[in-house]
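Okay, so subunit A shows up in both of these, paired with subunit B first and subunit C after.
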Partner chain A sequence: MPIQCSSCAKNRAVLRRPKTGHSLCKHCFFWAFEEEIHQTIVSARLFNRGETVGIGASGGKDSTVLAYVLKVLNERYDYGLKLLLLSVDEGITGYRNDSLETVRRNQQQYDLPLTIVSYEELYGWTMDAIVKQVGLRNNCTFCGVFRRQALDRGAMMLNVDKICTGHNADDVAETVIMNVLRGDIARLHRCTVISTASDGEGAIPRCKPLKYAYEKEIVLYAYFKKLDYFSTECVYSPNAYRGHARTFIKDLEAVRPSAIMDIIHSGENLSVKEGVKMPVQGTCSRCGYISSQSLCKSCVLLEGLNRGLPKLGIGKHHRLHDKILAQQALTEKEQNKLKAIEF
Partner chain B sequence: MCQVDEEYASSLEQKSLPAVSKKCMKCKEGTAVLIIRVGDAFCRGCFKEYFIHKFRAMLGKNRVIFPGEKVLLAVSGGLTSSCMLAQVQEGLSRDAPKKLRFMPGIIYIDEGGVCGQNAEKREKAVAQLECIFKKTGFPYHIVPLEQVFTLPESVLEPVGRREQPSSSASYKAAVDQHIRSEVTRGQGEPAVEESQDALGRLHLQASAYKPEHKLALEELFSSLKTLTAKQDMLHTLRQHLILHTARINGYSKVMTGDSCTRLAIKLLTNVSLGRGAALAADTAFSDSRYGDVVMVRPMRDYSSKEIGFYNRLFEVQSVFIPGLDTKTADKASIQRLTESFVVKLQADFPSTVSTVYRTGEKLNTACPPQSSRTEAAAKCLLCLCALDTRAEDATAFNATLMSEQLSRCTLEEKGQSDAGCCRGQNQACGDDGCCSTSRVPVAPDLKSLLCYSCRLTVKDMTALDSLPPYITSEAEKRQRRAAMKTEIGEFLLEDEGADEE
Partner chain C sequence: MAAPIAIHLEFGGGAELLFNGVKDHRVTLPSQSEPWDMKQLLVWIQENLLKERPELFVQGDSVRPGILVLINDADWELMGELEYQLQDQDNIVFISTLHGG
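== the complex of A and B ==
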């Protein structure tokens, strides 16, 4: 016997919501999914009328669904937003050039203007070239740091008021667990915040409208809406440690589906003891980007690449920052420590 | 026995650490018998000294246990709590250089009734533990879990924090005064008298459980659908029993045997269970949520490995008693899954446990533990933590309520539900203004009295009426009071903080 939709009680249910366990028909699921994102946007006051919003688009499922839903909601509820797609080309052959094709198709399908910024034009290095020097370990550090800044730089070029990214509930929960495992109290404190402060100098506020959307529901939404997205793992090996956290989250979800939201709830209710040292936000003395050190991570990584010492930005080498700033050479001993280790 | 250990240690050295000398890194004389951390080889004597010092240092550093205070040691028979008992014995022994000055008692909660043990096995376990407890000479209480059905509702009432000087100066004064009074009274004697007195009382305490309570307990646990919820409920009930026993016997501190490893697991488990708001209280050295009785975790600096080695080298007796999650699969419950996750990760990344543990040290509760004056309603009925379920905008809690509502109600209603989504709880007493004490609600709306995480546990329950009576009657009481308050709400003058008591 077919199961009835628990919402409209008329149509036949086609799916069971991973988040709540309710059986819904296609129409009601779309409605609920979109409505929840609308609620998130309204209750967290993510946007103001007349703003230009850049959507970080990778061509993957999260950003594809984000772009689609934002466009739908912008029209349905008349947010009065100007939406743009913003992509970063890391220069990874066999991965990014394919996914950028998807973004280009999205541009036409959703009729949203697209801008692509590339690592090569911003930093003079493609990820392929970086991996050639760094090796397969730690290359995600470069990619992650550079992407964050590339997105900001692209947004600044386009004069965007806000950037939104496709981080979903699973991503946020995973980050909470990761930060507990790493003991990174400052990030643990920040990672569940839906939108970064808008008063920060030099940085464009970012937000995560899909923060409360389960990854599985995003896939279900894309599947039933027949959205065109790209789903291939990056060719450079994924971060092993994060993989453990990811598996853990998936296992938790299997034991108790609400676990993802429960972790986010935990994260939202944490606070740091008084007297615990927290990094102070400043600006990089070289490029002017936000940084807690005298040099931002991206400048240190770049310096390491240009000097042929890729490990300069891996781990903590704050003591060397003065030398980098003064353009001094490093001692032999320091250099040896920072060269790539071949396996 | 020692020989076995020595062989083990040397084979370890041969295999993985050929460079480490076989001498103790501390005294440079004795032969090393174990390696605690990479490169730190200890001989038997130095390890013992190091281990014992750590326990005293933990108590000395925190200064929460005052001389002469009655302290209840919660012993489960497991490695860590047995080791804690041994450390207290060691610290109280006459030849200890810095003698501990509190008066210990022991409590064991017999949970066999929910862990599938028959009466025979339970008696056997209790007999083994009694044998250990008797040797210590401390008074002890053996309480079957079934006794939760006889608890009074006052267990759940928040009690004001006992006035206790907390500055280090007053601690020192208290120590001095204690020493002086001990000298005048003739040393040691009162302690012995007291413990004998308690031993006499003991038999009343260890009374057996009634068969109807056994059935009620079984019914309660079979109504919990998931092992996650069962483990959580067991923890809650155990805390209540310990708390009650401590109160009626005049203990003002309870020591629990949580090792560093256990606390790291507990921390991650609690994050996964949505207990983020209570994380600091659940893992800190001392937890004063119960007001008059403070929970203390003196074993939190030891890893489970250190404890295992100590117990083995110095023949600390422990008893294996199967628990709820014994012999279950890795994915049987959130607690179990987290444990295997942490343990496996620790094997590959040896700093995992200590990093997680240190993360916990830097945390504070976002909604700080309210003062004793805050009303009962502001604390969770089950875990007695401050409620973390304020219906604020843009929170995971609100988003979940939203999702549930959107997948349930009909399309027409959806349009109206935009404004707010958690009014449901308050409506009950808002609509009919005449809730009075005479009208007892049949099934109290338990949810509104619980914190986020305890709600999840109760959600996994099929029959709410199988909860022990002290919980349901306290719930009814709180609800009546809340109803009363709404009734007279317009006449109450809003005054922050000072209006209660």
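== the complex of A and C ==
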């Protein structure tokens, strides 16, 4: 028994929206989905006329939908933005090659310029080479830190005013839970913010236009629009801890779909009591990127790789950063501590 | 007796990785006394098609949360989910939202 669209009452409904419980037809769903993103963009004042906006594009569902919708809205509402695609090539054989092919097709399909920056050109290391040295235990740490900075560096090369990423409501809720589980108050405080200002030199403002868009709707939007996206698992071991948080969120959503919005709402309204020590943001003394330490995480990880001490950036070794900065030799004990890799 | 029915199954969004990377499957469900429903189809898929890690596809007697199901291009939440009775030539799509890009 087909259910009618609750909005137009003309067509057959194709989905039940997790956020509202409404049953909508394809046409009304497309419109509602796009309009909500437009409302997010307008009410949070994410962009200004004349800006160049780099879309972090991985070829995956979120960034593909983001690029498509931003292009639609930029034309529909005359935002006056110059949009471009920015991709990072981590150097993972058999994983990134295919997804970069997807981004290249998106470039054609959406007629947006594309720039690809690679770990190899930025850091002198591909993820394949990094995994050879560090093993499969901490590789996600390297990849996450390097990717974040790679997007910034690419954006700077292109004179981009803002970067936007495809983080969706499920991602944000998951990050809130992760930060609670880790007791990471500084990140918990920051992670629900929809856009970061240009604090510090080496960082370009970032925003998440899909912050309130459910993953279910993003995937169904891509499906019904027949958008070309790439889905896979990274060939290197996924972040197990994040995986648990993800499963937890999905289990909650199955019972009560509003749980995702409620977690975001909780995160947004948390306030940190006075007296909690928060890291002071400064800049990396080596590369100028924002950092709460004298060396940014990326420079520390890189230094560790180049010295054959891959555990340098993993865990708390702040004390050693000053030594490295001063180009002092490490003691044998310190070296051994940083060499041991658990596989 | 309900006659055998031919249906089209499609796996996407990364769910196909659990089926040897094969996205499209045209299958015939054998005749049985009761009409086939989605709950029985999930059991049949597990026994006949699923190649690896069943826990990434099913949870309890339903699909794992995070896998979307479309019945003839409509969200299965509008179609009765597990109770939906399959018809000959139905098109069932499973899309994982759990895979990244």
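The rule is simple: the second predicted complex is superposed on the first by the 338 of 343 C-alpha atoms of A that agree within 3 Å, B and C clash if a C-alpha of one lies under 4 Å from a C-alpha of the other, contacts with A are read in each partner's own complex, and residues count from 1 in each chain.
Basically, a contact is a pair of C-beta atoms (placed from the backbone, for glycine too) under 8 Å apart; a residue touches a chain by one contact, two chains touch by 3 or more.
These numbers come from a predicted model, not from an experiment.
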Which superposed partner A:330 touches (first subunit B, second subunit C, both, neither): neither
Which of subunit B and subunit C A:2 touches, first, second, both or neither: second
Subunit B versus subunit C as contact partner of A:72, first or second or both or neither: neither
First (subunit B), second (subunit C), both or neither touched by A:31: first
Which superposed partner A:14 touches (first subunit B, second subunit C, both, neither): second
First, second, both or neither for A:220, with subunit B first and subunit C second: second
First (subunit B), second (subunit C), both or neither touched by A:185: first
Which of subunit B and subunit C A:158 touches, first, second, both or neither: neither
Touched partner set for A:140, first subunit B, second subunit C, both or neither: neither
Residues on subunit A lying within both footprints (that of subunit B and that of subunit C): 251, 254
For the subunit A and subunit B complex, residues of the former touching the latter: 6-9, 17, 19-20, 22, 24, 28, 31-32, 35-36, 39-40, 43-44, 176-177, 179-183, 185, 188, 194, 212, 241, 244, 248, 251-252, 254-256, 258-259, 261-274, 276
Residue numbers on subunit A that touch subunit C, as the complex places them: 2-3, 12-16, 23, 58-64, 99, 102, 170, 215-216, 218-220, 223-224, 229-234, 246-247, 250-251, 253-254
Contact set on subunit B toward subunit A in their complex: 226, 228, 267-268, 270-277, 279-280, 331-334, 337-338, 341, 345, 349, 352, 355-356, 358-359, 361-367, 388, 393-400, 402-404, 406-411, 414, 418, 452-453, 456
Subunit C - residues contacting subunit A, complex: 12-14, 17, 64-66, 68, 70, 73-75, 77-78, 93, 95-101
